[in-house]
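These notes open a run of structures that come right after.
In what follows, subunit A forms one complex with subunit B and a second complex with subunit C.
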Partner chain A sequence: MSVDIRRQGGVGQSVRRVDGVPKVKGEFEYASDLRRDGMLWGATLRSPHPHARIVSIDTTAALEAPGVVAVLTHTDVPGKKTFGLDVQDQPVLAADLVRYAGEAVAVVAAEDHELARAALKAIAVNYEVLTPVTDMEQALEPTAPPVHPQGNVVRTLTIVHGDPNALADAWVEGMYETGMQDQAPLGPEAGLAVPAADGGVDLFIATQWLHADLEQLAPCLDLPLEKVRLHLSGVGGAFGAREDVSMQIHACLLALRTKRPIKMSYGRQESFYGHVHRHPSRVWMRHGAPYEVPNARLEGTAVFTNNPPCGAMRGFGAVQACFAYEAQMDKLAVELNLDPIELRIKNALRSGSVLPTGQPIAGVAPVRECLQRLQQLPLPPEESALDRDPMLLPGGAGNVGHGEALKRGVGVAVGYKNLGYSEGFDDASEAWVRVSADREGPLAEVKTAAVDVGQGLDTIVTQIVRTELGIDRVLIRPPDTAIGSAGSSSASRQTMMTGGAVQLACQAVRAEIERSGGLQDLRRPVEATRVFHHRPTGKLDASGQGDPHVTFAFGAARAVVEVDQELGLVRVLQLAVAQDVGRALNPQSVLGQIEGGSAQGLGLALMEEVALVDGQLKNASFTDYLIPTILDMPPVVCEIVEEPEPGLPYGAKGVGEPSTVVVPAAVVAALRNATGRELRRAPVKPDDLVGL
Partner chain B sequence: MRVNGAWREADVWPGTSLLAFLREALGLYGSKNACEQGECGSCSVWLDGTLACSCLVLAAQAHEREVRTVEGLTSGDRLHPIQEAFLEAGAVQCGFCTPGFVVAVADLLDKDANPSPATVREALSGNLCRCTGYQKILDAVQLAAERRRAGS
Partner chain C sequence: MEVLLPHSLDEALEIKAEHPEAVPLSGGTDLMVEMNFGRVRPPAIVDLSRVAELTTWREENGHAFLGSGVTYTTIVREMQAYEPLVQASRSVGSPQIRNRGTVGGNLGTASPAGDALPVLAAYDAEIVLRSRARGERSLPWNLFLTGPKKTATAPDELIIGARWRRLRGPGSFSKIGTRNAMVIAVAGLCLVIDEEHRRVNVALGSVGPTILRATQAEERVSAALASSGTWDDRSAPLNPQWIDEFAELVATAAQPLDDVRGTAAYRRHGCRVLSRRALGWALSERRLPTWL
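Let's turn to the complex of A and B:
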């Protein structure tokens, strides 16, 4: 047996999705499709107030409502009363205080969904309304009411590099803001909890990280870890929204109490309340030089407010920073009289560049290459506004003009994202591989706890197994918590982490098969379990210096837009994205990731924002919260830049995030180019474009 | 009602949507619920041959009428050519939007065997996809349309 990297269906090829057939037929089972005989439906009562004291909760009437089997409040949580991915400070069910509108206060189990929802209205909660903290800067004022007893600062991080008081010849500065974005995966939060004979519970769930859910669930349920078993159900997209727990604990509590299976499935409105969003940001920056600088001072503060909680979303933290620094780089280009793309090419980060944390970029960094690829792409041809199909005007059929005031703009942006977990976290993934033979020939089975959220991990794993073992028949066993953790499907990490673990396990199996006479002579199954760790990273010291990240993926985008300057309407004519992928293990799915990530970036630039008024979410529906439709999306021209990353399996970097990081900045740069306006906030609204 | 050619009935409360009826009463889970407001197209079905969001139709309105769902597009293991095109073009990621898109594309190509790119975008503007950015879905439509013309 030898490793044949050109093997049919192996790595490097655009292999079809292994879960494609059931998905196109409508037979793939998502968490919202789960059912069980005798199951009850769960529903959640949520706080209408962003900040209030709970004086009393009366569930008597709800318990008597038709079809109701159980009504639970915080007193019914048998174990730990709080959960959280990193810090366990979020109540399973609010006890004395609600901290955001939409916080869960009680849960109901009833014979069907409608009866469960109807019973929520019969729960009487007496609130004493408090003043909410609804602005991030207000939260830092000494008079601000503390959202948590320890105050409103979650973390402050200061990075001091070189001499922060050094002077520059030219300074540019600005304030930048991004709004709160929703991940809006099409599949709503859902799961099925089934009480088990051993007093434990089995939870079938759409999540990003089975083991992190498990570790939060078990203490709240007051059960040992082994009595809580999580099984992955079909995931209808995630993008960070499923990284935090939503209905998992509630469904298990109800199942254990009623001793019947509990199904919970959020509707779209509840989904907006039930998961975390992308953090809104406010950034002030001053630059005296572009990109790699010897002297820097950075200060970042994350705060608590009574707005809806925020967490992971594709490009976590990098999107907001890129929006700000890329606007700065355009200002610097003006100051230095350079073309924006030239400034970026001249000053591009490269392998060996030192970041403000003092960390040198150890891996490949083909930033210049990405930018040059964009530079070589022709611009889409100019189109006259005369005689144009009105659908092709900015705003489409909604444009009441005739294209008299159209102006085209071009913008570029470059950016990057760390891959995998950082700051000393022991990032690991476990994989089990077994090879056996039956009448049809050899069969490879793989098991991990890693989640295919739609990105195509199961297909990549299949390709890796084919490449390593030379076996075409590969079966992915359903992920659950019976095997060790795979970490989360986030931070663009699964291809390198779980891909790495599967590769190691395959190599061990291969060695064993070779020792015992080869695949032809396989008498009994051979199996191996292996854990992949990425190289250790370090914490930051008091001045923010250290080696916090494993590696990075870079990307660059160019946006071409057309603005109707009278109506403030926008049409994006083309997006071009060049991305550093290390090596494309499945080129078609790499393109799919870049295109999909670009759409979410375009959404943030132009339309997507969770609208908040006094802490209340005002657009919790797809009628009011707009995500890009097929009419909003322009063609995306993708340039895949391949330069294998040493130390990663097959040299492949994660590919999900860079396009989302750079596209918002590029689109808004193009709008600035078209209108000459400063546009310091995303999403850009029509009013901003006409200067109202 | 007649669903995919077979008469089916069930007792449900008057407020039940056609979508909930198909899913919960008949166990046809291919039609998805992503918004329940007619905004996403995940629940697309044909009602007497007309494309409809089943979340916006009451089950009672479909009484004694003809409903066709994504499950009615195929029989046995053979995929519909549009489903085949979606797989080949890489138009499926999480797949939650896919059944709705497949139904909407089938409806479009039945009406217009050679739709212009603008017509395709217009026809699919009621279907949301959060994963793909739509490019590969457009590729799939083109592929399916070409094959259909070549085959007919």
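Let's turn to the complex of A and C:
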């Protein structure tokens, strides 16, 4: 896991990824590769019902099954019975009620994976099946059964700005929906829990946030925080799916009970049940003016249902909103007889613009610049269908057409995402840096608890150390909970937060080295630990006014699509994304983030949806949960807009999310442009495109 | 679980006679998935990958014989003369799947979404089965495929391959999926023209419990081609009304259901569009000198 790199540059250069070669060669150790002598395998029994009362659980037969060492249910949870990232309301193992199909009811430890899975079938659970709440609006009806005792409303937020009853010269309105998307990280959930001699436990885990896991684990295990030690294992993608706890507590419970190491490793199907998804949304909007408005009324409600739980996913909350408001802006452009991109350029948010929360955009906001860059890009040339490889027509490898009924469409969208955590959360990251010298010269070591989920943080940290200290040799120590929290690898925050902490620690070390005679004269190691905080934010008042966000990153996308109008099949010819990045600390890595984020956005627009029928997941595999292939994903033309953000390290904004926010809206706008259909829901189905 | 490893066809038939419960394994692209999901747990497996006799194809007496162990990659590489079969094979999964997956697997699994099956049905192929006790027998494809994921294979038999009369005439295979590659068919259609018997054959996949032939559509369009003189004069146009009727009859032949991959309405619609396109391509290709 540790990396020692010599021939790499500093901040601003397209330095090669420190984990690139091991990953390409298959040598990188992911959490699913973890092994330990004498280890047992854990497996999870999950509820087949979206809503049911547990009448009884009988584990007798399972305990007698071959190779089984332990079978645990809710009565075996020694401490707190529930966990949760924000509110601790999710049972470690269901006690009296199951609230979604796939909820964990019991866990088994056995000598191998097969035996553990086989033993699950021997656990007899007697359920009394209850009517599930499976629709977000149904959940709000007074007759709906409460999913939790406090009712079905998680939160309602009302924002009133100016005069909400103000009139406008033109109105547009619409209803919009987005489906439940899955993060589909290529590495399913996995971890290894090892019981320790002190009665505690060491957990090696692929996660996004070691300390948040720790704070949820320790109370459930009834152990003090210092007896639960988390160590980062190789993470095969996250995108929000690893922000919530999956098998962490289960593996530790089994390890503490059996006093043997426990490995748990989900397969793809179980992964769909074992992590949260992107929230589906239903949005009604009416606009009398674009973007920055003096008067606004917004109301948002999040509800509990008995569908699979949802949580973080790339572009959290901003994706669904952008899909709706950008469709509205296109309607407004029609109403005002303006070109869609002209309407956006004319009315673009800018530094100083006031948002409906009353918060002014304090930082840079090169929104117009992003749109103008897109406007200047030529459209991809028209290609005759006859000269093309049929693979490059809508329908791809299916050979469904020779160019019949093709229609091109172009769509644009602009949007933004808050960076870092909001509403007063004390967001911070800690870093330790140590400089020593040996025969090979000076060596810088860095330690944080920050997780490189694949976004390239370790490479950025290495670049920062080299820039700040001028030392070639940088060693990144494996992240664990022995150091203070780095916060989550989410909300596009690690480059600014952990990057900021590493920069501060490096500056402290550098000052100390300079005081004691410089790097050439280094007699003893010099080290420093520093914590980086972003500027404080505030909560919203009763009318939703306040200063909730640290800052924002903006992006704009243009999609060019080709639709087979008879079959409703699509080929996206080109995506162009212009993104406000503050400063590109690693331009190659920024391009990678924009391309990857665009692919996930295209997936939401065209195919990715967790299919649910009566609360049951119908496509829990990559056979039927489709993500884009190389024949679906076009080249991405990236325009990196650099305008350093004051107050952030090197002026760099987070870059992971804006493309995912804007691409779904742009792709669907292009489909509307090609077909003339309203298309109010993503993902767009072939039926929608042919009007069935 | 016992894994049996025959090195010849005789040895494989011997094993199947003694272990009729042994499930044949070829590329494993269906069976291993089912096993990983815990849906099947056969007491024994007979791995046919070492049986060389099954992995070849040949032409003899105006017929083609395709061994059950021939992979889709081999078909794409070697069987260009059978264009619909190549098109179907190229639409199967990913390169890795095509390197492993075999026609025998499509036949043995007998899913209505098996991509090669509409082609074999349009070719009027016979499926060749063999056992130690009773030797070889052949069944027309529609008697072999007895239902969704059901075949007429006896417990002691192995699927040896498929045989069909070589058709003179153009044809194509098309598959609708909701992404541009690596997708299970929402609807599949194979249309071939048999110049010798002056017939148009149309087979549909993924729109019924098993592979379907649109017989009424076939008969009407074959007759229409006769009445418009198109069988003799390839440039003689077919009345557009006949093309509409053909597409409608193909759509009517479909027996689609709603499922997670697509709606019944879209599947039927897809059959209508694909049949019209496939007929159009075949008729224009007939006019090219290649087929004269």
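To be clear about the criterion, the second predicted complex is superposed on the first by the 682 of 692 C-alpha atoms of A that agree within 3 Å, B and C clash if a C-alpha of one lies under 4 Å from a C-alpha of the other, contacts with A are read in each partner's own complex, and residues count from 1 in each chain.
Rule of thumb we're sticking to: contacts are C-beta pairs under 8 Å (C-beta built on N, C-alpha and C of every residue); 3 or more make two chains touch, one makes a residue touch a chain.
A quick note: this is a predicted structure, and the numbers were derived from the prediction, not measured.
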| item | value |
| --- | --- |
| Which superposed partner A:404 touches (first subunit B, second subunit C, both, neither) | second |
| Partner chain(s) touched by A:595 [first = subunit B, second = subunit C, both, neither] | first |
| Partner, of subunit C and subunit B, that touches more residues belonging to subunit A | B |
| First, second, both or neither for A:631, with subunit B first and subunit C second | both |
| Subunit B versus subunit C as contact partner of A:175, first or second or both or neither | neither |
| First, second, both or neither for A:196, with subunit B first and subunit C second | neither |
| Partner chain(s) touched by A:237 [first = subunit B, second = subunit C, both, neither] | first |
| First, second, both or neither for A:685, with subunit B first and subunit C second | second |
| First, second, both or neither for A:267, with subunit B first and subunit C second | both |
| First, second, both or neither for A:87, with subunit B first and subunit C second | neither |
| On subunit A, the residue positions that both subunit B and subunit C contact, one per complex | 267, 391, 623, 628-631 |
| Subunit A residues within the subunit B interface of the complex | 14, 16-17, 19-21, 23-30, 32-33, 35, 113-114, 183-188, 235-239, 267-268, 389, 391-392, 453-456, 588-589, 591-592, 595-600, 621-623, 627-631, 633, 635-636 |
| In the complex with subunit C, residue positions of subunit A that touch it | 117, 267, 269, 391, 394-402, 404, 566-569, 571, 606-607, 611, 618-619, 623-624, 626, 628-632, 685-687, 690, 692 |
| Residue numbers on subunit B that touch subunit A, as the complex places them | 13, 15, 23-24, 27, 29-37, 39-40, 42, 69-71, 73-74, 79, 83, 86-88, 90, 92-99, 102, 118, 121-122, 124-125, 127-138 |
| Residues of subunit C touching subunit A in the complex | 33, 36-38, 87, 90-91, 172-186, 260-263, 265-266, 269-270, 273-274, 277, 281 |
